[in-house]
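Structures follow.
First chain A sits with chain B, and in the next complex the same chain sits with chain C.
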Partner chain A sequence: MNKLEEQIQEKAIELLEKGEVSAVIGWGQGWNPTKATPLFARDRKTAEKLIFNPFCFNNLSVYLPRLNEKVAILTKPCEARSIVALLAEGKINRENIYIIGLACQGIVDIGKLEAAIGSINEATEARLEADSVVVEIDGEAKKAAFADVVLDNCLSCNQQDKTYCDVMIGEPAQVPTGKARLIVPEDADATWWRTFWAKEFDRCIRCYACREACPACYCRDNCAVQSLRERWVGPRLDAKEALMFHALRAMHVAGRCIECGACERACPMDIPLTLLHRQVGDAVRRLFNFNVGEKADIRPPLEFFLKEELEKSGR
Partner chain B sequence: MARVGVFICHCGSNIAGKVDVEAVARESASIPGVAYSSHNKYSCSEAGQKTIIDAIKENRLDRVVIGACSPKMHENTFRNTIRQAGLNPYMLEIANLREHVSWVTEDRDAATRKALDLVRSAVGKVAFAKPLTPGKVPVEKRALIIGGGIAGIQAALDIAGMGYEVVLVEREPSIGGRMAQLDKTFPTLDCSACILSPRMVDVAQNPNIRLLSYSEVESVGGYVGNFDVVIRKKARYVNESKCTGCLECVSKCPVRKIPNEFENGKAMRRAIYVPFAQSVPKVPVIDKNHCQYLLSPDPSTIEVKEGERKPRRRCGACKIVCGQDAIDFEQQDEFIKEKFGAIVLATGFNPFDHSKYGEYGAGRIPDVITALDFERMVNSSGPTEGKILRPSNGEKPQRVVFIQCVGSRDEAKGVPYCSRICCMFTAKQAILTREKLPDAEVFVFYMDIRAAGKGYEEFVRRAQMEYGAEYIRGRVSRVYESDGRLIVKAADTLAGLPVEMEADLVVLATGSVAREDAFELASAIGITTDSYGFISEVHPKLKPVEIPREGVFACGACLSPRDIPDTVATAGAVAAKVGILFSKDFLESDPMVAEIDPFKCAACGACVAVCPYSAITMEEFRGKKFAKVNEAMCQGCGTCTAACRPGAAQLKGQTDEQILRSVEAVLQW
Partner chain C sequence: MAAKIISSDNLQTWIDKLTATCEVYAPSQGKEVSLFKQVKEGDKPALNILTDIPPKGLIFKQVEKILSYRKNEDGIEIKQAEIEPGRKVIFGIRPCDARSFTLTDKVFVHSDMPETHYAKRRQQTALITLACNDACRTCFCTSVGGSPAEKVGDVWMMDLGGRYLVEALTPVGEEIIRANDDLFSKSSPEDEAESLRIAERVASKMPVLEIASAKLLDELFTNEEFWIRLSEKCLSCGACTFLCPTCYCFDVRDQGNANSGDRYRGWDSCMFYQYNRAAGGHNPREQHWKRMRQRMLHKFSYFVTQYGDIDCVGCGRCIRSCPVSYDLRDFLATSAVAVAGVDMDFVGELPSEGQPRTCDIK
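Entry: the complex of A and B
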């Protein structure tokens, strides 16, 4: 257990025992040392199982809109913006949430890690050692440079010193620089994108895991794609219908998506959804000069209208 | 399974001339769900409607598609038709085969194919229609009139005359508006004040009218029949119930040099004042920006250091002389919240600001004045007591030049429209000039004379023939000062010659523009304005005083430039519309409004944020939040349905399901 984890557990136990919150949402050890899992600590015993390491990839704010109690939540600096976005939509109540910001040194992209060292299913131990990730498999320590296996999002991280939180644990860390998983050619045009997505979405099995992992997708089972009355998306399992689903989702989270990549990490078919959301996000930034999750008192830009926007549109 | 009846109308040869209506009717029979189809020469005729009713009954049809003209024309007719056959009137869909097909398609085959597609689409949609019933909302039979010019005054008197309560809100200390500023009125030359002031007094005396002068509307909420309005009654510092209107206070006020707004700034008033002699109410107002008492601090709160002079006593001259103890320096702005069933906008216009015309001196040449300045000048209670004098030296002018279309029909200045009144008031002012100064020459530069109105053309001819006003067709290019006189340069476009003449006084016939704050007012009430800022009516011909927000009407020059007769006529029209509204105890609300399924609602609040009518609120039931539509406030615009991600918000009669089915119906063939 590292010092950060000690502090996290101490804070969680303090909050629980003072009765300030009924649960602390954090991460615990999963079935494998490289797989952390969400953990709801409601007592001292579970709170002592809280961990934080470069394998804690889940965006925990996805749980907040479903809860009707006062909870504390652990958050990485980037994902604190999810909480702000939910606050902006009035979906969660600020008084019901105690936000514990964590200094983060970067999160490992399991896809990149497996590409570097092979399957990690049999891993017995995993840790960050200086600049490399060390995974022990069958007693053999496999190493990969941290910079090579860190999430794409971490490469452009600028959230370290502006985390939206009630308390910050740990010192802001330097995040490694490295190479993105997928590089879009600079001259990518509509045709390139069409071909690209046709290929990617052909794999989609419409399990909706992306939607379930997304903090902005809180409509859950009332999701428009599941409606039997208005069949926006047909039942056929092909790239065309899948594109309709993902395009619909991308439009629904436009101006509300913080591009955390939870959808992509949840995808069992490894579809690079973050690319789609980043593209929509770029359009939102360009058109509305709006950064999602920056301010808790401004509703998503597609929900209101400014006179300047009319002037800007030149009409 | 739905049993749809399809009825195709020939509309004489309007549709049948381009569309093979028989083929459309024949083919329609094979569309799934269609139980009956036929065609008819004129479906809207009584015989045509009877055919539809009989067919519905004979074939046990439960919904109907009519292929005819635009639903704008006859949707209501056919709703009533199918109601007579025992169906819910909303189980109807119109396929527009005239405006969307026959009138706009050359090729007969293409027209027929498109007609059939539209019928398929309508069948697909109507198959998922649900019976709808209108709601009922009570009507608060009180009218709010915003603006106390002649438009507001006339509307107030007419509505009050029907026995309904009226609240008239005027921003200025007195009602009267622009008309009160005028001297004579065309084409009869009767004195403006003489015909207006009896109406103003009527307003004050009418038991059904409550006048709130020096007040402004702060906010408007609610919906037709039930508007919630907050009115700010600005502090007058004079108790209206105590004041007798003796104006002793005014004569004693030491602050004398404030430009009088009523005199267009050409005369001075005091810090306590009534705008003009016939003001209604005749209760003065203290101008808090100039009153010495209100501007100086309370002496009791000032600490006096040794060696310093004690601050002077505060002024309060008006308070001292007032025998009624009506002066109240402690008065504060008062907020009045009231309910109204209808709102009338009568906010009027502003004269064009001629500072945009650099070629005419942009307001810097004292002897170039506006038409409104002239009105005040020629009025016996105005700054010169009715004498026409050169502002620069106070002498009588030998030659007066009138320039028309200043701020009208001038695209370069952003006013391409005709202000309609300037030709006439210029003729009037030319006549008045010749009456008052028989020795002076009068020239009028004009582009065209627009004198359409009862007795108008004759009036202009009188100015020319009887009074000898010299009319020159041409635009004045420049006016400048030279040796104490003005030089007017122009072109006589009829003679094709340049004109240059000296003048002593130049009067600019400034056009009418929308009030600058009209946009704010408009958006506060949820209505729209045209590109010049004038309030938009629903239909310029058939609904000239209705505006898109139901229960709100407009009259007078806030709609577009117009003269007094037209203003009074629209005020009367507004009164009739309000009367129609108030003649009912309950209003039927349109059932084609939005509805939100509380079980599907994700409570994201997007609909609440986007609703332009504030008709949606967030409710909570047993810990679950959901959005709810106030059906009486909803105008059925559908913005919420577009914003709703899970599709919980649906427009009744235009549901996503119906729209998708109608699209699918076209695409699958």
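Entry: the complex of A and C
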């Protein structure tokens, strides 16, 4: 157990035993050492199982709109913006949430890791050693440079010292610099993107894991794509129908998506959805000069319109 | 027919010859995911992996057209969709996946109302099973009635290292081997003994999980606290059910208008809210913990009561693909304790090699 984990557990136990919260949402060890799993600690014994390491990839704020009790949540600096976004949209009640910010040194992208060292399914141990991720598979220690396997998001991390939280645990850490998972050619035009997404969405099995893992997708059971009345997405299983779903979702979370990549990590078919959301996000930043997750008292730009905007559009 | 031996080189020749007479599907490692793909002459299948995507969809299509309708002067013309003709072979299917078809057969084939598309495809498809020479950390077939060397399918094979022991299990299997008889040689009692040793070694790598009886699990239905805590972290997506070789729930949807259109049948998932929604808006499984309860009890209780087998083959794909790394074995462990009426802790320990997965009792 590292020092950060010790502090996390201490804080969680304190909150639980003082009766300030009924649960602390954090991460615990999953079935595989490279896969942490969300953990709802409701007592001391479970709180003692809270962990934090570069394999804690889930964005836990997805659970907040579902709960109606006072909870504490562990959050990475970047994902605290999900909480801010949910507050801005009035989807969660600030008084019901105690936010524990964690200094984060970067999170491992399992896709990049597997590309570097092969399947991690048989891993027996995984750790960060200096600048390397070390994974033990069949008694053999496989190594990859942390910078090469860290999430794309971490490469542009600038959240460390301005995390939205009630308490911050750990010292702001240095995040590595490295290469993005997929490099989009500079001259990529609409045709390039059409071909790219047709190929990627051809794999989509419409399990909706992307949607369910997304903190901004809180329509949950009333999602338009599964509406039993208006049929936005047809019954056939092909890239065209899948594009309809993903485009619809991208537009719906535009200006609300913090581009955390939870959708991409949830995808069992490994579809690089973050690219889509980053592109839509770029458009929102350009058009509205708006950065999602910065302020809890500003509503997202696509939730309302200004009279001047209507006049400017000439309608 | 007695078991035979085929060399690795001849195995490839055998696959090539099979591709000349029928559609052959075999494991293929893609850049993003591994799945069963049609192989052409010369293609080398990835026989050493358990594919990310099970071969279920080759027989039970994820989405397929079942009929078309059109209004004309005489009334409404209905055209049943035709099933693609021709024989198929699924080569190198793992015993768990082959077993999954025998389980789904109980529902779709051996029933009062057979599912014609499934039944016909099943009939025209031969399974050439490859026994497992290793077990993944997520494998638990031995706990749910299977085994890594289960003799299931039409032909059974085991890799003895550079050579394969092959045995026909059905008349179809015998025919497949007889068609290329020259590629096979006689097996010796030592080969059989070696295959048994391998089977035992692989089976011993998997911990045997305690699974509560169908009846006791059914009695757990009313223990709401248990199900709420169990499904707390579940996001209620359909990844587990869509990657499960045995999940067989489906939905029927029309696309078209009053004059003409098509009717499609496609996979559905009990984890979806809409799955249970009834006309008029009532939903008996509105909360996601009720849907999780349905998934677990269907597999480990209702199916057992109705058909005599657990509707899970222990392939572990639901564990590997879950976005929140939910481990089905945690359910098995906690429910086994819960039926005994003891409070339990929902955080299982990562099992060490060869150790059973356990959960703490308070």
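Heads up, the rule we're going with is that the second predicted complex is superposed on the first by the 305 of 315 C-alpha atoms of A that agree within 3 Å, B and C clash if a C-alpha of one lies under 4 Å from a C-alpha of the other, contacts with A are read in each partner's own complex, and residues count from 1 in each chain.
Everything that follows uses one rule, which is that contacts are C-beta pairs under 8 Å (C-beta built on N, C-alpha and C of every residue); 3 or more make two chains touch, one makes a residue touch a chain.
None of the values given here were measured: they were computed from a predicted structure.
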Inset, instruction - In the overlay, answer first, second, both or neither for which of chain B and chain C A:Trp31 touches. - result: second
Inset, instruction - Mind working out whether A:Arg127 is in touch with chain B, chain C, both or neither, as first, second, both or neither? - result: neither
Inset, instruction - Would you sort A:His252 into first (chain B), second (chain C), both or neither based on which partner it touches? - result: first
Legend entry - chain B or chain C, by number of chain A residues touched: C
Inset, instruction - Report for A:Ala213: first if it touches chain B alone, second if chain C alone, otherwise both or neither. - result: second
Inset, instruction - Return first, second, both or neither, reflecting whether A:Gly234 touches chain B, chain C, both chains, or no partner chain. - result: second
Inset, instruction - Would you check which partner chain A:Glu89 touches, where first means chain B only, second means chain C only, and both and neither mean what they say? - result: first
Inset, instruction - Check whether A:Arg181 is in contact with chain B, with chain C, with both or with neither, and answer first, second, both or neither. - result: neither
Inset, instruction - Mind working out whether A:Lys295 is in touch with chain B, chain C, both or neither, as first, second, both or neither? - result: neither
Inset, instruction - Residue by residue on chain A, keep only those touching chain B in one complex and chain C in the other, then list them. - result: 220, 222, 231
Inset, instruction - Give every residue of chain C touching chain A within the complex, in rising order. - result: 32-33, 52, 62-63, 136-138, 229, 232-233, 235-239, 241-243, 253-255, 264, 266, 269, 272-274, 277, 286, 319-321, 323-327, 329, 345-347, 350, 353, 360, 362
Inset, instruction - Note which residues of chain A are touching chain B in the complex, please. - result: 68, 89-91, 218-220, 222-224, 227, 229-232, 252, 299-300, 302-304
Legend entry - Of all residues in chain A, those that touch chain C in their complex: 28-33, 35-40, 45-46, 49, 58, 62-63, 121-122, 124, 203, 205-209, 211-213, 220-222, 226, 228, 231, 234-237, 265-266, 268-271
Inset, instruction - Mind listing the chain B positions that touch chain A in their complex? - result: 599-606, 609-610, 618, 623, 643, 645-648, 655-657, 660
